[in-house]
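Right, one structure below, let's go through it.
Going by the order they are written in, the chains are A, B and C; count residues from 1 in each one.
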Amino acid sequence: MSAREEVLGRIRQALGGEDRTPAPEVVRDYRLTDGRPAGDAELLALLVDRVEDYRATVLCCSPAEVAATVRAALDRGLGTGWAAGDVVVAPGLAAEWRPAGCDVDDERPAVQLAERAASVTAVAVAIAETGTLVLDGSPACGRRALSLLPDCLVCVVTADQVVGSVPEGLARLDPLRPLTMVSGPSATSDIELQRVEGVHGPRTLVVVLVGG
Amino acid sequence: MKVALFATCLVDTMTPTVAHATAALLQRLGQEVVVPPTQACCGQMHVNTGYRREAVSIVANHVRAFAGAEVIVAPSGSCVASIHHQQAAVARRAGDEALAQAAEELADRTYELSQFLVDVLGVTDVGAYYPHRVTYHPTCHSLRLLRVGDAPLQLLRAVRGLELVELPGAEQCCGFGGTFAVKNADTSTAMLTDKMANVLSTHAEVCTAGDASCLMHIGGGLSRLRAGTRTVHLAEILASTEEAVTPDQRTEPAVTA
Amino acid sequence: MTAVDLGMPGLPTAPRGVGHLRGTQSFPDAARGALRNGQLRANLGHATSTIRGKRAAVVGELPDWEQLRAAGKALKTATMARLDDHLEELERQVTARGGVVHWARDANEANEIVTRLVLATGTSEVVKVKSMATQEIGLNEALEGAGLDVFETDLAELIVQLGEDSPSHILVPAIHKNRAEIREIFARTIPGVDPGLTDDPRQLAMAARAHLRERFLRARVAVSGANFGVAETGTLTVVESEGNGRMCLTLPETLITVMGIEKVVPTWRDLEVFLQLLPRSSTGERMNPYTSTWAGVTPGDGPQEFHLVLLDNGRTAVLADEVGREALHCIRCSACLNVCPVYERAGGHSYGSVYPGPIGAVLSPMLTGVEDNASLPYASSLCGACYDVCPVAIDIPSILVHLRGEHVEAQERPTAEAVAFRGLAKAMSHPRLWHLAQRGARLGRLFSRGRPTLPNALPPPVSGWTRSRDLPTPPAKTFVQQWTEEHRS
């Protein structure tokens, strides 16, 4: 008998064969929505508070100021002396958001991204209550290595992408895509359970919140 | 109300003053107290040590002893929790459905002392007088299985002359755990040491609780250290009055050296 | 008799001689040594009290925590009731998206599969994401036995690996080490480390980053575990903090994920519950820094070869125990360890298994068979703190008590303890015998010779008590006896 058949057979035996106990009904009486619509001003304020709590930086701007604010975000992450060649952006990032002269990610081997100092991406959704940004591998968010290897990550979030709760956030996502949920810069609590920001992933996270 | 007092095997055998105090207190509050003479044990120690089959006949004896009682009160959160959560399950597992149902019916009428006073009788001021500095240890089974909440604290706050001091780390187990205290004596002692350090940090004269078993553990440790703080059961404090200390109420250490 | 008694013997438990589910000492013996380690006690006391405070704060923020907890429990119960169907669906979906699914009856088979897959790539190095399942089966030893170099990349796992130590906590395997000890390990074992390295946690984390950076960039094969596997979509999930997980899940050409069969969840939507319960319970954060999900293979993004190994290794034996199967609901948050007064003092190594603490005290004996870990169900004062914090409401104390019963009933010859308990049970069932027994206890008065306490030195098992606590001298009359005499009508 194959391992597959044997393990499945063991499960059926363990559950008592034909007269197994039926599965109980799952009651979802927890909060399914936050109650406030996506992009609500209170939600944006909550997102800022929660993201900053992870010791990330949030810069708010109007839709007309995105490019300038992305530059300011890179100033924050890299210091003002950075060159356009230090920065690589997601291929689908809106052209008007890109700092002039920046490189666009292409099909180069992923490990080459480690040579870059910063990357800029969009997000698929942001969850205010937990301060979480979700990247979904779409052209605007880029492949996963793009938001991982450069030491500074700048994410552009638009107000309409900001939802209140985890259930609302997950409902907007496609589970067939490779998803990365980002809540602050990389961190560890492995030494005396004291949180330290910045380990293998980007040590600096700057969020540009458009319309916030 | 006619209250059948379940002393519990430990109190009955080792610290009968706790049961005497419980009876005196209930009588002072106008209750008629009866003590079924065939009572022995709830079966908890057997169940918790792995002797669930052997516990069935102990449960049967308990159910027989208290059959027909209007309400049953015990000065022990742990034993009452076992009556509520274990007795019927043990009987049912052994295939004795009739015993399981009888145990469930009895459990519905069985109360831990502080719950009975506050939730059933609706009393928080029992007219007690106890001029001592006291700290309260909320025992695990009272806290987490019975959810007695702040009933004991409400009762203690109403005692005249009593100075109540908060116990740091109150909700941490004292390390008794029934046979755990013997099977894992070293770990149990380590837990006890930290509990005693917290008790002693309050500079209380008395550490009280609703379980004689935990108090025997904490009190036994304090006594061994020749600490000045002694353990006194909640029932003994509530039974104390200005007019007369109950005949059997101990004001000296529960365990002295 | 009930199915509880019939189910267990038929199904194989985790095999001996492989993996890390069995210790070499009983819990009381191991704990005796650990309790004397003042450094360990201080480290654990500090770390667990820190995390308890953080957890309580973020759990208190959610008004619907109890509803989430109930939903988590119901979801797990429902999943287990149709575990076979969900696993078959997971297999279909992963396969449809370019993954390859393997089934492993036990640790040996899982280790063989992973070793074969790694060797087939022609690489000599493997990077690993922290995973309890691969610790459980001893995968590192198996890979090393095949001549491969294995690099643990989680900071705490790295500390344990470099220190030639073993993990003592589910979430923070090096919780028993403080910053000074970690600095010493790094200074001694990391080639080319800055000699001026201090014990500042930030500096230590940076040393780990520098040490592993090159290995991530050149790695061709990674091995991970999985926190959840979604049946309806074939989506696997890894929850982490440092980004080492993302490195392993993203950069190598080949990814091999070892997942216990109980980690499957039916639908994507179910993660809306678990992704709220898990981070708040484990690290005390509203959300962990990184959660990665993937379904099979994505062209142009991440590993182009993906293998999923579904592991039994005793889990079906646990499933057969109607009381104990609830332990399979565990999402490995470790909240029960952090609140456990026994764990806090005795430390994780005392449990002898990769699964320490309250959940380990039920899970390990069920995975191995109770008799191979017979002291663990007794390694608890049954205080119930674990049940209160468990995000999926596993009634750990009741399972502990159940396993004690299983152990007692597995004894073929009566032990001295059993003889005593049976005698006592007989007495407690017959009032006349009980009163005689109480009179016997009163004989203790002879030992005390008028003192209020009994002597310190008494024979076992009473010595277990009297070594550290006084025992009061029994009174002259029991309460019932005196009351009955006074109220004779």
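In the analysis below, contacts are C-beta pairs under 8 Å (C-beta built on N, C-alpha and C of every residue); 3 or more make two chains touch, one makes a residue touch a chain.
Here the structure is a predicted model, which is why all the values come from computation and not from measurement.
If you take subunit A and subunit C together, no chain is in touch with both. When every chain is represented by the mean of its C-alpha atoms, the one lying closest to the mean of all protein C-alpha atoms is C.
Chain centre most remote from that of subunit B: A (centre = mean of CA atoms). Taking each chain's centre as the mean of its C-alpha atoms, subunit A lies 30 Å from subunit C. Inter-chain spacing, taken between the CA centroids of subunit A and subunit B, is 53 Å. A straight line joining the Cα centres of subunit B and subunit C is 33 Å long.
Only residues 7, 9, 11-16, 19-20, 23, 35, 37-41, 43, 46-55, 57-58, 60-61, 65, 86, 93, 95, 140-141, 143-145, 171-173, 175-192, 194, 216-217, 219-221, 223-224, 253-257 of subunit B touch subunit C when the two sit together in their complex. Only residues 3, 7, 10-12, 43, 46-48, 50-51, 54, 63-64, 67-68, 70-71, 74-75, 77-84, 87-88, 97, 102-105, 109, 153-156, 159, 172, 174-175, 178-179, 182, 201-202, 204-206, 208-209, 212-213, 216-218, 230, 233, 235, 241-244, 246-247, 249-251, 261, 268-269, 271-273, 275-276, 279, 283, 285-295, 298, 300-302, 310, 312, 316-317, 319-320, 325 of subunit C touch subunit A when the two sit together in their complex. Taken in their complex, subunit C has these residues touching subunit B: 1-2, 4, 27-28, 31-32, 35, 41, 341-342, 345-346, 377-385, 387-388, 401, 404-409, 417-418, 421-422, 424-431, 434, 438, 441, 452-453, 456, 461-462, 464-465, 467-472, 474-475, 477-480, 482-484, 487.
In the complex of the two chains, the subunit A residues touching subunit C come out as 2-4, 6-8, 10-16, 20-31, 50, 53-54, 107, 110-111, 114, 127, 129-132, 137, 143-145, 148, 166-167, 170-171, 175-196, 198-202.
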